[in-house]
Amino acid sequence: MDQNSEVRALLDQVRQGNLSVDQAMERLRIEPFEDLGYAKVDHHRAIRQGVPEVVYCAGKTPEQTAGITESLLKRSQANVLLTRATPAHFEAVRKVDDRAEFREMARCIVIHRDSTLYGLGTIMVLTGGTSDMPVAEEAAVTAETLGNKVERVYDVGVAGIHRLLSQSERIMRANVLIAVAGMEGALASVVAGLVDRPVIAVPTSVGYGANFGGLAALLTMINSCASGVSVVNIDNGFGAGYMAALINRPPRAGDQ
Amino acid sequence: MDQNSEVRALLDQVRQGNLSVDQAMERLRIEPFEDLGYAKVDHHRAIRQGVPEVVYCAGKTPEQTAGITESLLKRSQANVLLTRATPAHFEAVRKVDDRAEFREMARCIVIHRDSTLYGLGTIMVLTGGTSDMPVAEEAAVTAETLGNKVERVYDVGVAGIHRLLSQSERIMRANVLIAVAGMEGALASVVAGLVDRPVIAVPTSVGYGANFGGLAALLTMINSCASGVSVVNIDNGFGAGYMAALINRPPRAGDQ
Amino acid sequence: MDQNSEVRALLDQVRQGNLSVDQAMERLRIEPFEDLGYAKVDHHRAIRQGVPEVVYCAGKTPEQTAGITESLLKRSQANVLLTRATPAHFEAVRKVDDRAEFREMARCIVIHRDSTLYGLGTIMVLTGGTSDMPVAEEAAVTAETLGNKVERVYDVGVAGIHRLLSQSERIMRANVLIAVAGMEGALASVVAGLVDRPVIAVPTSVGYGANFGGLAALLTMINSCASGVSVVNIDNGFGAGYMAALINRPPRAGDQ
Amino acid sequence: MDQNSEVRALLDQVRQGNLSVDQAMERLRIEPFEDLGYAKVDHHRAIRQGVPEVVYCAGKTPEQTAGITESLLKRSQANVLLTRATPAHFEAVRKVDDRAEFREMARCIVIHRDSTLYGLGTIMVLTGGTSDMPVAEEAAVTAETLGNKVERVYDVGVAGIHRLLSQSERIMRANVLIAVAGMEGALASVVAGLVDRPVIAVPTSVGYGANFGGLAALLTMINSCASGVSVVNIDNGFGAGYMAALINRPPRAGDQ
Amino acid sequence: MDQNSEVRALLDQVRQGNLSVDQAMERLRIEPFEDLGYAKVDHHRAIRQGVPEVVYCAGKTPEQTAGITESLLKRSQANVLLTRATPAHFEAVRKVDDRAEFREMARCIVIHRDSTLYGLGTIMVLTGGTSDMPVAEEAAVTAETLGNKVERVYDVGVAGIHRLLSQSERIMRANVLIAVAGMEGALASVVAGLVDRPVIAVPTSVGYGANFGGLAALLTMINSCASGVSVVNIDNGFGAGYMAALINRPPRAGDQ
Amino acid sequence: MDQNSEVRALLDQVRQGNLSVDQAMERLRIEPFEDLGYAKVDHHRAIRQGVPEVVYCAGKTPEQTAGITESLLKRSQANVLLTRATPAHFEAVRKVDDRAEFREMARCIVIHRDSTLYGLGTIMVLTGGTSDMPVAEEAAVTAETLGNKVERVYDVGVAGIHRLLSQSERIMRANVLIAVAGMEGALASVVAGLVDRPVIAVPTSVGYGANFGGLAALLTMINSCASGVSVVNIDNGFGAGYMAALINRPPRAGDQ
Amino acid sequence: MDQNSEVRALLDQVRQGNLSVDQAMERLRIEPFEDLGYAKVDHHRAIRQGVPEVVYCAGKTPEQTAGITESLLKRSQANVLLTRATPAHFEAVRKVDDRAEFREMARCIVIHRDSTLYGLGTIMVLTGGTSDMPVAEEAAVTAETLGNKVERVYDVGVAGIHRLLSQSERIMRANVLIAVAGMEGALASVVAGLVDRPVIAVPTSVGYGANFGGLAALLTMINSCASGVSVVNIDNGFGAGYMAALINRPPRAGDQ
Amino acid sequence: MDQNSEVRALLDQVRQGNLSVDQAMERLRIEPFEDLGYAKVDHHRAIRQGVPEVVYCAGKTPEQTAGITESLLKRSQANVLLTRATPAHFEAVRKVDDRAEFREMARCIVIHRDSTLYGLGTIMVLTGGTSDMPVAEEAAVTAETLGNKVERVYDVGVAGIHRLLSQSERIMRANVLIAVAGMEGALASVVAGLVDRPVIAVPTSVGYGANFGGLAALLTMINSCASGVSVVNIDNGFGAGYMAALINRPPRAGDQ
């Protein structure tokens, strides 16, 4: 690795008398963390193939977003994913790269440059209702941009349990599942009871009154009586898609 | 009725000149509400046949409980129901009336004096887990003491949805349903999706961590996406049993 | 029924040798839940006579709403109820079916096609104040659309208890009661103390400061010291009207 | 008054040349606040006739409590009130002054030395249930110890409104009212609707589940739709009794 | 009183044989509460001299507000107070009665018709900061409209304690005090420590971050360590002004 | 599978004319869910190799626990895991099977019968402090009992970041990570920033004051700014261990 | 000091017989607090050199803001700082004094009149992300306006710990540190673990879902497991900058 | 410093050919963080002179506590501070080192070995009431053990403002102030308004009802309208004492 070879080069120079101990001390002292930091990033970049460059657009102007995108496009050959984007963001980004696509429901902009399939199995995204679809699409688009095959099973809330059960064959074939639900958020528990694969639960802020902006669904999911469920933040479709993609990648085997 | 006849007697006395208008005014003035109150109670008593006398034992000594029971036994021929009772309460009450039975899991004492069946259909009590059974039993015993046929379907939580579905035939035959669940409390929504009869949801304090003493289950149930669900307080088995019994009684028809 | 006749047709074909067992297996295997689902819906439809098709308009465009309405009108001859509707939704729906009526205060659109009275008694809707009327009207219109006789008793909050008591004769004649109140939400307890029929409590978000969007009224109602009260979500007039309608229907008798 | 005369004496000494300006400055400089403090206390003491010396026993040992009592007895001739006291506290205090009485339900110890009636009218203490009585008694004993006539109207919760209304004549005669209630805490609103005098609302921690240690009752009372209600802390009977006593005292007239 | 004379007339008719006992029973049965209700209102009206007719404008259109005002003007000769009013409300109300004045900062419209001074002493309104002034003015205008002399002491928050103390002479002369404060809300405790008269605390929603819309100030005030403080809802200037006016009225003496 | 063959047998009988269509209809109608339920369980058991039988001991007597264990031992040859166990539970369980081991810090009893390694890589459990160790051990023992290699890295809280960084080589070799932390719960974010594998975050109730029983740590973790983190309930070591074990199993590949 | 000399003058007059004791009493009585108040302010002004005049613009019109600024400019020669300012505020203030500068990101207007460096060391402001920069800039500008050298280290959130560590040399040279972070707010703990100087933590409302307007970050910071951290209100950059400036001033030595 | 000299020695060996580059790489690779960690600790230790070794006893057995103490005594010559200690902890620790003193009210054990005064000025600890004293003493003992002069000003709550003001001379002489208060927690604001030095606010859990375990005081303090206040966790006397001690140390001057 780079950093290692830098240190080795430095030690070689010391050994050969080309660098004094004091000079070596100085170089080691000044940037130990920084080198380490960069080394880590480099090392990771190799492993993190297919991980897109990500921009969170909320609170950024279209111009800022376009500027960041421009610089990201140069940094790697990975896909670029912009979340929480508006049509205005899209207009600006499209001028930077006309491959940019706007996934309106997901509120995402994607610049596709790497079509490798990194995921091993299928990631399935389920929603309780149709209003949960924007969050679900953010998860789905994120997982796709990370190189995964994604299936969508929407509007299968637990109040009409037969709708969910009628999909159980498909559900059982998924490798990772993302259960997106607002209101009472019970979908994750039922899904986790049907499968033996990891379920990522995403509470949404869909609902009113005592759902308190998604708190009710969050508490439901965190208290799930089913095994094999873990939870991300309210409306955090990106986080769920990213987590699912990590799980769906080839594992780091034990003998490594 | 008593109060009516008292007022009639008073008016008779006025008409017959045995009571001056001033004296009548005075008597009507002093206790208008109280009389009314008793009238209401009397009037209701006729309708409320089979409504037990109820004592909430928490915070009362065994002696106080026994004293109240003794006086209630004289007031009517209805059943007597003591909730949140301990063995010590039972010891004291049994001395007052040896018909007293202790329903240990329900934490209830029942003195059965009226075995009339007042309910029209079956009240079904379901629980998510075995730990919810004390609350469920409080609901069941309450409904039974109010003269209802009760069926119990326990440990059918949504994380193993087939357990619940395997009971769906029975579930669909019930007239009123009580869904008792802690942790994430999703049972009520699933049950309400299966039936077309009223479902009373009872959140329990079963669980730990972010269930916050039953708050998580309460919010889940209040936010239920299913139609035909309403909710009582955390651990309030008595309230659910009572509500279910009212629903299960003959309706007050429109032409009354 | 359709699904039953489909299964029967399939079995007939098997019996007649027109369909191999494997082919039959395949057809039964692929959609067991879905079929079941339809079966359940069909089975229910018979019982659920008078249950309207319902659309929750919040978050849907007028066009989407109109499209859904169009398809629902074909599905059954039941009434159609659209809740949380705006004038714009109404404009779009009226073009689909000019029988559509806009109940402005209730924020509901109703397409009346079935005028059968399914309810046995009267459903009474009470409010604490005039600001609670939109939620109360949503409950009332829902109950009416489900085929019930509804009486309204508005602005009888507990701070002027005589206003409520002056209606007590009417109140006592109702079969099911819906108590709608914001601010401190005490109406449900007082009403439940006056009657011996089920009371559905609806907290509203009416108020300010420490009512925290209806939380105060919700907690009041959930903690009601009166028996025979259960609670739905804040501002959930539809849920209360639906629950009341279920209670007001002929019971499912015990020997069924 | 003492402090005034001290300052006057000091000024007299300056005028007579017995105290240098520097010495006077020094004495005024060192304790300006303290003197002022005492002055304020002294000045107030004249006005605050009948205000008892108060000890909050929770967290104090019986010995500490007795010691404080001993010193308070010397400080004035006012009554002494010890709140949140246990039998052990009483044992210790009785040794200091055998006039000490233990009001067990109120958890108060009273040493009565001043039987003047300072209050102008009657202070009425009402409770929703019998479990609210300890808090109500703390309020009542506090008001009595401050020299007021107190009437108790207990167990008149709003779920049986006739019990409250049957007392309405008495209620309307009170000058200040204290409404003590747990669970849903609706009593204060109803009482304030009946009278035209100030109502102090005291939420209690009586209840379970979603009452969250009295929070539900507190929110109910703070959100009261009735005019003329203000609220003290959960279980703060002392605070309510004290506030009511201040209101019941002769007013500070405008021309003062 | 009316109701009494109605009952007396009825009894007279019975005595004279002009009304049968059954007829009398019927009339007493039908409207006992209603009569009582009106009686109570009438009875109160005599006592409640100077209590304004009040309209809460929030959520009402200018036209509705004007209509209600018009009818209130006929009902009594009392002042009319409209709270939470906007300039649009004022425009509409002024057309109904040109005596209407708009107190802009208080967001109140007042129609002054009764200039009697009903209060005995001075009501003092204090604020922690200038941003609390709208709530304080609502309290002040309410108290004035109820016939009280009001003094304002604004911007005396506890972080600059000398500003408050420099007003202590004036503060000590008030008969009732209203402490209005947002942010940390400590003003009420300090004021109550300075005086021996009742203090009404009004938390405001002024602040940001962890003040949670006034919750922080509410909790501070409810937990006040000073005696003689009670609290109304966040931003409820009207409630505080009304409560203070009740306290400032002549007491209902004990021998009544 | 059983259920399939039952249906096939039924169809065969229909085809052969041994069963009428009506009789077949009847049998299909009666137990569709129940069969399905059992089928699902059987089907899953084959897949869920190595999944232990689990008993949650909290709230169960030692005798109940032993009885359940006895029956579970017969049901399969899998490991048996008892969580939240006390020494008394262990005493009772050991009598049933003397292979039972008590993992005291984890509060778990394990009966080891299957030593197959089902996991592909290493599961690493990290804690912020030593007080988080009981929850971490519950996670570790759960993962081990599910057939995984587990490494422990304890007491590496973020306030001394060098302790965590000094383990970064080991950390980067793990396939799944479990970050257990109370107080401010920041560990999960830092760990997720170091690795490119899934991190399960477990908030603990360790701390005091404003940690509100683990709520603070839960909110921290749910709001993590790092990608690749999902969260389980407060103190839910079992849930984290189970989730990690599912992730660590061979994936369900896409072509399945 | 003024007040002292006033009192001395008064005492002199008494001593010389030019003022009677009664007159002196009167003057001492009327304004003890006021004098004290002014004295305190004067006394402080000397010490508080370099403390700017501060205006909180939120809720004030541009005209009000300009008016206040005009009067503040006359009161002292200190810098003037206007926080939470908009461009409209700036337009108005610039007309009053054209030295006014608008720090847009900080939402602050500064009128620089005193360029003395009052702080002893460097105040370092760190942020977790770029969205935290407005709050950080408010802190930085506040500290600068109070006469401090400020260094900014932005976007060093804990999810990429190497970014923070690469700055550790600079971080360790600061005298006071301000850690500004939203979302999970873990930055403060990590920074406090790296340094041995005081860290002021500022939670921001940056984030969404379960961050509840900054509550999550606030709780994280309050529960920090690192020593040497204290916290200000959510988004309170001004408060943090002011606190840091006080700490950075020359200490009040022990022998004073 | 040690670590530097270790690295230097290593480089020297490389230069002299006594260590191969590979061997050097290996040694640098294995423990880069750990070395760094120790370096940081060592480096800090020089600066952190007088920082005691600290043990948090809650949740540790007396034996564990004694063991840790024994090892800490060897690590440095600094004072040893054990917080949240019980008499049992003290018994065990005293056996390890008989210089151990038990500060009972502070719940601290101190082993004094370094009596250097590291602090520049006085740290003043103030409390609102006597019940806040244990937390205040924890703060005071912590600051003393860190080598500071501490003054205590207890029971000066804002409800009796003269008690606080009578100490204002002393208060103004302190270099750092710690304001400890429960209930409404207003003390910090008033103190910060009196001084121009940093104030650390410590909310305590003293109180009942709506103080919610100290949350009310925490919110009050976080929302303080006074400048120069920052807050630590509820009951965190140690944290406040430590923060105050850091502030009271000689600053790290700008040219360093």
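For the reader, a short list of remarks on this structure follows.
Labels A, B, C, D, E, F, G and H are assigned to the chains in the order they are written; within every chain, residues are numbered from 1.
Following the convention adopted for this analysis, a contact is a pair of C-beta atoms (placed from the backbone, for glycine too) under 8 Å apart; a residue touches a chain by one contact, two chains touch by 3 or more.
This structure is a prediction, so every number in the text was calculated from the model and none was measured.
Any chain touching chain F that also touches chain H appears here: A, G. Chain centre most remote from that of chain C: H (centre = mean of CA atoms). Spacing of chain A relative to chain D, judged by their CA centroids, is 60 angstrom. Between chain A and chain B the centroid-to-centroid distance comes to 51 Å (mean Cα coordinates, whole Å). Chain A and chain G have Cα centroids lying 40 Å from one another. Rounded to whole angstrom units, the spacing between the C-alpha centres of chain D and chain E is 24. Those residues of chain H in touch with two or more other chains are numbered 36, 40, 160, 165, 194, 209-212, 215, 218, 222-224, 227, 233.
Chains touching one another, given as pairs, are A-B, A-C, A-F, A-G, A-H, B-C, B-D, B-E, B-F, C-D, C-E, C-F, D-E, D-G, D-H, E-G, E-H, F-G, F-H, G-H. Of all residues in chain B, those touching chain C in their complex are 40, 44, 47-48, 51, 54, 119-122, 149, 173-175, 194, 196-198, 200-201, 218, 222-224, 227-233, 238-240, 242-243, 246-248, 251-254, 256. Here chain A touches chain G in the complex through residues 30-31, 33-34, 36-38, 40-41, 58-59, 203, 205, 213-215, 218, 233-236, going by the rule given at the top. Within the complex, the chain C residues that touch chain D are 128-129, 157-161, 165, 183-186, 189-190, 192-194, 207, 209-212, 215-217, 219-227.
Listing the residues of chain D that touch chain G in their complex gives 4, 7-8, 11-12, 14-15, 17, 21, 24-25, 28-29, 32, 36.
On the side of chain E, the complex with chain G involves touching residues 131, 162-163, 165-169, 206, 208-212.
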